[in-house]
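Both complexes shown next keep subunit A, but they swap its partner, so subunit B is in the first and subunit C is in the second.
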Partner chain A sequence: MPAALAAFEFPPVSHLFEWPVVILDGTPLAINKTVVLTGAAALLTIGFFVLGSRKRALVPSGFQNLAESSYELVEENIAVEVMGAEDGKRWTPFLTSLFFFIFFMNIFEVIPGIQFPPTSRIAIPALLAIIVWLMMIFLGMKTQGVGGYFKSSLFPPGVPKVLYLLVTPIEFISTFLVRPFSHAVRLFANMMAGHILLTTFALLSAALWLGKWNAIFLPLPVVGGAAMTGFEVLVAVLQAYIFTILTAVYIGGSLHPEH
Partner chain B sequence: MKMRSRILAVAALAAGLVVAVPGVASASGESVGVCIVESPAGEEIVGLTAEELEEEQVEALGEAADECVEAPNPVVPEINELIWGGIFFLIVLVGLMKFAVPALKKGMADREERIRDDLEQAEKAKVDGQEQLSSYEQQLADAREEAARIIEEARASADGVRQELIAQAEQDAAGVRERANVDIAAATERATSDLQAQVGELAIELAEKVVEHSLDHDTQTALIENYINEVGSSSE
Partner chain C sequence: MTILTILAEITGDIEVGLKAMGYGLAAIGPGIGIGYLVGNAVQAMARQPEAAGMVRTTMFLGIAFAEALALFGFVLFFL
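And then the complex of A and B:
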């Protein structure tokens, strides 16, 4: 092994995601970088929309324009598109909160000096997915009745009776067991993979920088890392969008089983 | 503006905290070797030669290494992150749904209403303007028609006046001619009678001079008058 690469020791994956506790160590309220970033994302989300709605100028500009466009983006492209005009408009505030909270957490992945998305830990995606899952079941029971909800979700109409032997267990597993799991893991795994990917390019670049003649290969991981950073910006937006649109689909399905 | 700078200050502080407090990623982990040396099993091993390593010590070393290498399961959520995540998401929901979104939507609805009003007013103004324009055009057309009518009337009356004047003039001329004719006739009459008298006298004087009292005056006059009458009747 060349000397330069001998110095290259890739840390265990846990070292990329486990952060030392800053205060309140040993309590359930222990604060580490993940918690601080989650709070920062919450502040950013609120700050963005509070600043954007404060002036209420007739001709919007700056923050106001951005906040209004963002709200309309969620309303038109996610809520109304998936849930219809009436339910869509009613659920837009919730979906907007979800989208921007997740987006700001995701985007920390590429912010220099921070470079860690709290969504690459399972806790937040799991929490949000379970909240959505509980809302889905609760709203389904509320609008269709307990029996009606389980009938419409486990016994889809238009299927020959015999096939229910097959369809009902599949529907149960997919709707009530796999759905929250895939919902959470899709976001979590994407962000985790992205973080590992960026770390890999960064560590490779650092190792080659310290190497001797190997430094001629330095442009490869540097360019790759830059490209991957751009790609991860796309992933950050896309995963927030997917999480939110799936939320709209699940909740919309409970409100209108016929769709 | 004051609120805005306060929010920005809080954001800057938070960002600083995020970058500064938790340190760098590697701070949380140690290399496997250090971990083994620091573990109870590792301490026993340090300083022994290869021969002195007995089988159970090797086993202990293996266990210690396993423990060090084994990472926390990434699919098991940490309780503190769940709790804080829940709190923060709740804050986001309340902040957006209670404060930001209603204000945002009110602003957007106000603008929508304002624009709709403006458009309606513009439409109304346009219709009014068109109505006024057509009314003006109507008035203009009426005025033109009126003017044409007046001109036509004037022309007609002027024609009338002219005809009247011409007729009057013709009548006057006829009168003048008539009087002239009468005058001429009278003058002719008078001249004729004067001439008759003078010619008679002249003829008598002439005859007297020629004949010298051979005939008395009365007889001569009678002779001449007879002659003239004869001439006059034959000439008619």
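And then the complex of A and C:
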């Protein structure tokens, strides 16, 4: 057992996430695996819904059925549930594209041969979170007016006047600083943890395969790796769902302030 | 601040070990929280199956907020 583990060496974590540049090295447009996969996820999202809405049969079948039921899934479970019927229906297109964009990026984690989720680089979740954050502030100012928006978000009603000394800084930090940060980090850290987890199981399996006692010890990490792959599929869906539902909550909160 | 500066001065392996312990500590609270949260959500869904959809949405929101704390610990482990 010690002899088998002596050969096992975990690579530094940056090795798992940093990819060499393929073309256009040294320019701002340098392309590596992350960029390619992000573009592929965007194209998949566009292609999925363009193909699904091309025929527009009254009774959907086949691919159109799939696209329509995915749209309805987001509409019923996320948009209408959180934002109400009217706003929910208006915001479903945005939320659906966000959901499937993130989902396709996440699911690359378990597809054999690719096995890298672009969302495990902080840049992509951070960009998405910043877009949502700017939309939240802009929509709040648009629907409630600049003063009204800051009044409703920084001075929640129903609080004794003296307590505003305490409540307002807390609200400011939690709404305008922690919110976008945790929104991005939640997706990023989950995918990064998943990627490290799968790598660990794969490396352990490989190390035990080369060891002397492989017949005895190999089944454990192999079964574990297979189970974790299934778990990561669940995580990919769940994180896309949570990112989208939080987007709906943030935007819905800007459109309808608490009274 | 003083604790942080002392920690920064301790070199090498101890630092990594402390970071790992920090992550372990950061995982306790959210673990307990999510346990309570999901348990109560299941209880609510069992008592009132027609409200299951609403309870589930709120449950996932709560999980997301509670989980964030553990994930901060995880990210800070690598920083």
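By our rule, the second predicted complex is superposed on the first by the 255 of 259 C-alpha atoms of A that agree within 3 Å, B and C clash if a C-alpha of one lies under 4 Å from a C-alpha of the other, contacts with A are read in each partner's own complex, and residues count from 1 in each chain.
As a convention for this text, a contact is a pair of C-beta atoms (placed from the backbone, for glycine too) under 8 Å apart; a residue touches a chain by one contact, two chains touch by 3 or more.
Here the structure is a predicted model, which is why all the values come from computation and not from measurement.
Student: Under the stated touch criterion, which partner chain does A:241 make contact with: subunit B (first), subunit C (second), both, or neither?
Tutor: After superposition on chain A, A:241 lies in contact with subunit C alone.
Student: Once chain A of both complexes is superposed, is A:190 in touch with subunit B (first), subunit C (second), both, or neither?
Tutor: second
Student: Based on the superposed arrangement, let me know which partner A:13 touches: subunit B (first), subunit C (second), both, or neither?
Tutor: A:13 sits against subunit B and subunit C alike.
Student: First (subunit B), second (subunit C), both or neither: which does A:30 touch?
Tutor: After superposition on chain A, A:30 lies in contact with subunit B alone.
Student: For the three-chain arrangement built by superposition, which of subunit B and subunit C touches the greater number of subunit A residues?
Tutor: Looking at subunit A, the partner in contact with more of its residues is B.
Student: I'd like to know which partner A:81 touches here: subunit B for first, subunit C for second, both or neither.
Tutor: Once the two structures are laid over each other on A, A:81 reaches subunit C alone.
Student: State which residues of subunit A lie in both footprints, the one left by subunit B and the one left by subunit C.
Tutor: In the superposed arrangement, which is not itself an observed complex, subunit A uses residues 13, 185, 192 for both subunit B and subunit C.
Student: For the complex, give me every residue of subunit A touching subunit B.
Tutor: For subunit A paired with subunit B, touching residues are 9, 11-20, 22, 24, 27-47, 49-54, 56, 58, 60, 64, 67-68, 71, 92-94, 96-97, 100-101, 108, 113-114, 116, 118, 121-124, 126-128, 131, 185, 192, 199.
Student: Going by the contact rule at the top, pick out the subunit A residues touching subunit C in the complex.
Tutor: Those residues of subunit A that touch subunit C are 13, 77, 81-82, 182, 185-186, 188-190, 192-193, 238, 241-242, 245-246, 249.
Student: For a test of understanding, state which residues of subunit C touch subunit A in their complex under the given definition.
Tutor: Contact set of subunit C toward subunit A: 53-54, 57, 60-61, 63-65, 67-68, 71-72, 74-75, 78.
Student: Using the touch definition from the top, list the residues of subunit B that touch subunit A in their complex.
Tutor: My answer: residues 3-4, 7, 10-11, 14-15, 17-19, 21-23, 25-29, 31-32, 69, 71-72, 74-86, 88-89, 91-93, 95-97, 99-101, 103-108, 110-111, 114.
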